[in-house]
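First subunit A sits with subunit B, and in the next complex the same chain sits with subunit C.
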Partner chain A sequence: MARFVVRRILSALALLFAVSVVVFGIFEIIPAYNPARAIAGRNASPTTVEEVSRKFGFDKPIYTQYLNTMKLIFTGQVIDYQDDLNVVDQFRERFGATLSLVIPAGLLWLVTAIVLGSISALKAGRLVDQGLMVLAIVGVSVPVFLLAFLLLYLLAFKTTIFPNTGYVGITVSPIQWAYHLILPWFSIAVLSVGFYSRILRSNLLDNINQDYVRTARAKGLPARQVFVRHVLRNSLMPIVTIFGLDFATLLGGAALVVETVFNIPGVGQYEAQAIGNLDVPPILVGSMLTAFFVVVFGALADLLYALLDPRVRLS
Partner chain B sequence: MPLDPSLRSGGEDEPGGGLLSSAAVAPAPASGQDAFPGASAETPALGPWKLALRRLRRKRLALAFLALFVVLVLLCLLAPVYAADIAHTGPNQENIINTLSPQGIPIGPTLTSHYFFGADLNGRDLAVRLLYGGRNSLFIGAIATIIIIVFGTLFGLLCGYFRGVVDALLRPLMELIWSFPPVILGVAVGTALALGGIGPIKGNSLIVPALIIGVIYIPYLGKPIRGEVLRLREQDFVEAARVQGMGPWRIMLTEILPNVASTITVFIPLMLAYSILLESYLSFLGAGVQPPNASWGTLISDGLDYLDTAPHLALIPGAMLVLTVLSINVFGDAVRDALDPRATQHVKT
Partner chain C sequence: MPEHLLDVENLQVSFATEDGLVRAVDEVSFTLDRGEVVAIVGESGSGKSVSVMTLMGLTRSPNSRFGGSARLKGRELISASEHELEGIRGKEIAMIFQDPISSLSPVHRIGDQIVEQIRAHEEISKAAAFDRAVELMERVGIPRAADRARSYPHEFSGGMRQRAMIAMALSLSPSVLIADEPTTALDVTIQAQILEEFKQLRATGDSGVIFVTHDLGVVADIADRVLVMYAGRVVEQGTLDQIFYDPQHPYTWGLLGSITRMDREPPRRLPAIPGLPPSMVNPPAGCHFRPRCPHEFARCAEVPALESRVPEAPGHSDRCWLELAEKRKRRVINGRIGLAEGTVIA
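After this line comes the complex of A and B, so read on.
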């Protein structure tokens, strides 16, 4: 266990380092990218640009710039180029909205996918299965932004069943919070439900014909118990791993499309704005945050794996 | 939902007939059989590929969607013909006087040769732009898919077969790409490259999004291939080839590659669908296809702001994109089932 933790921490550090270098490097090698000009504004004189460049240290060699930026990030002092806001504070303030969006959406799609995938596998080949398959494929074929916009247009603009974008904190009013987030949750979940239920279905079908299932049936366990305690339990593992990865990237800002469409002030919305403005510090922090969550949730998924299946050893 | 009628028409005997009759150009509809010459050859002993092809032929819904996809591709490829001979306009030709109301609202679908799908806010023919945009979307999807298949297979083979140093070098690279969310990585690189281009490629070239999408999805194929190769290289037939004195490259190409070919085949439609979708995300966030070029993604995202006054601007390209991705996915699903019949067998619990 101790070795597992140490190894994961080391690989997390390596990944964080690599991610930060890559993001930093991408923007450095772009010829047209000039952060000093971006900060100084379009009509700034060359001397102003030069001044800004000196103030922010853009005239220094690249490794010095990198080290400085990392120092600023880890001491929580880094500011974005566009609005002079403290990036770490921004992420901290916005994280609640992203959590409100991502956690219920994740639960929604996981539970729905498990239920639908199980029904599909149990009724494999029948009409229900085919119907669910078509729905799942439609779900993965619609771009999230299109779905989100159409939902918003039909249910919040044409008819006023749901509020027209915006976000209310859960501490302000739990009912309004949920009311504002139902459409965003649904938008995020649709794609993943289609994807996950299909994977689960094929895993279930792989497992359902294994010898141990026959043994369990032969010793007289009820079909329901065989399915839930044996087949489903063994089929959930690949889902758990993918869920960890997807959930981690959503926490790090991958929900940027939905946050942008529904105007939810989360980390993804901030990152989307930063990307549009080529504002490196928020992109850098967002990427590193994502990588951090990917490692943490990868480790959690492996732990869960070991709990679900005693044959798996952590190494 | 615009999808339901298309789904129903896909199940009928005339594949894609409902869609074709509403479109202005009607190239020879490709039937399911045309796509699979040789599938009808009856031989007593069938190889795994022939068998898969046979299973696939029985899936009429999948073949109907394949036909629909072929029709959509042909329509997009014929965009210049449509523009010149039927619509008599170009993708960037503006005609504000005849197509915009005094309030600036463009005309909707006329269903005649001129402005079949209506005009956009600059008085350009939406049908023409739709076909040209589709050409760009499909081109980007195809190039990205080729990049994914070539490099994903190569990485998978190299890592899985040589292990050791090669694996230690290439695998972290794949893990690195893997741990970025595709949209964030794609948008960041796309926005950056759109400004300056890379090397000889200009910033507004279609190659830029294709390259980005391709690189992002390489691990999606590379990782499973690597896993399979790791398992295959320990098998007796590989050992036999090694004992016979075959070099590593020859073993990889003649012994191992044929054994991972079915996995690669399954990934081709999947990656094509993913790539076309990701292009639309990049374009929605301003990092994909750059103006004056259009793609389905840019057409949709430009149109979304006018859902109320001119809904055709977003809905028609949206339906086109969804229909294309859907047809690839349905067909791809059937290909996977045909290659791996376990996934569809009927079971009792």
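After this line comes the complex of A and C, so read on.
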């Protein structure tokens, strides 16, 4: 266990380093990229731009710039170029909204995928299964922004069943919070439900003919118990791993499309704005945060996997 | 007539496949009493596993068709509802499978898997059921059972896993125990130990055992009566001695001829029955063994009934048209039993 933790921490550090170097490097290659100009403003004189460049150290060699930026990030002093806001504070403030979006959405897609995947497997080849397969393909193929806009247009604009974008904190009003988030949750969940339910269906069908399932039936267990305790239990493992990774990227800001469309002040929305402005610090912090979550949730998924399957060892 | 523990009459099982209807089991009849071991022998695909799994309703599917009857203490199994069968499976009829590693759930502790079966049939606390599981494991010779009950199947050796399967099968003292090739996946030394467990079980006289195998050595060791199956049909049945010392069907001769014997000079090559078992979609008309049988003659185009053909042994029946004297003459090849001269390459 100790070895497992140490190994994961080391790999997290390596990953953070690699991600930060790559993201930092990308902006050096972008031709039109001039952070000093962005900070000084569109109408600033060349001398002002030069001054800004010197003040922020943009004239220094790239590795010095990189080290300075890392220092600022890890001491929590880094600011974005667009609005002079402290990036770490921004992420901290916006994280609540992202959690509000991502945690229920994750639960929603996991539970729905397990239910639909199970129905598909139990009715394999029948009409229900084929119908669910079509829905899954639609769910996987429809672009998130299109789905989000369609939902908004139909359910918040044409008919005003749901509020037209916006976010209310859970501490302000739990009901308004949920009311505002139903469409965003749904938008995020649809893609994953399609994907997960298909994976689960094929796992279930692989397991349903296994010898130990026959044993479970031979023991006289009721059909429901055979399915839940033996077939489903043995089919969940692959789902656990991909869920950990998908959930991690969403926490790091991968919900940026949904956050932008529904105007939810989460980390994804902030990152989306930063990308539009070529604003390096938020993009850098966002990427590193995602990398960090991927490592942490990857490790959690492995732990859970080992709990679910005693044959798996952590070393 | 006294009622048998298990009475299988004219059992038929077929499966609808893309290639057509597969007649996996055709007119199988036998009885089983307490304290008795009935062995079902035959090649892979002869229908022996399907027959016994059908008794527990484990072959039910939208594509399977059943005929005939199987009565356990007078209760019909073939037409029983799924709910009724759930109460019978594991409690009245328990089954031990061939491969104990794939037949145990990899993610549940051994003890818990036994507990699950006990609690499926009895209102009993988890702790009490667990104690009973440990007792059962001790009884079948698993050392340190209290600790081992908390282990997972992959932490057990093959022999211990099969013992655990036996403990599980015995957990509710079933009246019928079906063992489907329980020793096939084990080393010979472990095989001998497991067979010892079955003999002890038989000695208690509580249960009847159906022992499915293709290993005639095991049959000789444990069976009271033997059913020889070929291509879905029973081709011969009788007591152990009748089958081993007075075999009537050429297929049985072939089976007996293909085993090595410690008390004879070993042949340079082991004799084998030439050819392959027939397609079960389109089985040959008449006797199913006809295409492989060197003794085939015109009458074999007609299906021989399974009936007694040895006057002095009414319980011994077979499906072969040959005259009794002819059979007794033809089956002796170089002083031992075999299918035909050509198949024994000495």
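What to note about this one:
We take it that the second predicted complex is superposed on the first by the 315 of 315 C-alpha atoms of A that agree within 3 Å, B and C clash if a C-alpha of one lies under 4 Å from a C-alpha of the other, contacts with A are read in each partner's own complex, and residues count from 1 in each chain.
Note that in this section a contact is a pair of C-beta atoms (placed from the backbone, for glycine too) under 8 Å apart; a residue touches a chain by one contact, two chains touch by 3 or more.
Worth saying up front: this structure is predicted, and the values here are computed from it rather than measured.
Model built by superposing both complexes on subunit A: subunit B and subunit C fit together without a clash. Of the two partner chains placed around the shared chain by superposition, subunit C is the only one that A:R311 touches, whereas subunit B remains out of contact. Applying the stated contact rule after C-alpha superposition, one finds that A:A254 touches subunit B and leaves subunit C untouched.
Of the two partner chains, subunit C is the only one touched by A:R233; subunit B is not. In the superposed three-chain arrangement, the CA centre of subunit A forms the vertex of an angle with the CA centres of subunit B and subunit C, and that angle is 80 degrees when rounded to a multiple of 10. Within the superposed three-chain model, A:G276 lies in touch with subunit B and out of touch with subunit C [touch as defined at top].
In the superposition on chain A, A:R214 contacts subunit C only, with no contact to subunit B. In the superposition on chain A, no contact is made by A:I9 with either subunit B or subunit C. Once the two complexes are overlaid on the shared chain, A:A223 sits against subunit B and subunit C alike. No C-alpha atom of subunit B lies closer than 6 Å to any C-alpha atom of subunit C in the overlay. Contacts of subunit A with subunit B, set against its contacts with subunit C after fitting on chain A, overlap at residues 223. Against subunit A, the residues of subunit B that register as touching in their complex are 3, 7, 172, 175-176, 178-181, 183-185, 187-189, 191-193, 195-196, 203, 273, 277, 280-281, 284-287, 297, 300-301, 304, 307-308, 314, 318, 321-322, 325-326, 329-330, 333, 342-347, 349. The touching residues of subunit A, counted against subunit C in their complex, run 210-212, 214-223, 225, 229-230, 233-234, 308-311. The part of subunit C that touches subunit A in the complex is made up of residues 56, 58, 82, 85-91, 94-95, 97, 99, 102-108, 116-117, 120-121, 152, 154, 165, 168. Within the complex, the subunit A residues that touch subunit B are 14-15, 18-19, 22-23, 26-27, 30-33, 121-122, 124-125, 133-134, 137-138, 140-146, 149-150, 153, 157, 202, 205-206, 208-209, 213, 223, 226-227, 231, 245, 249-250, 252-254, 256-257, 260, 271-272, 275-276, 278, 283, 286-287, 290-291, 294-295.
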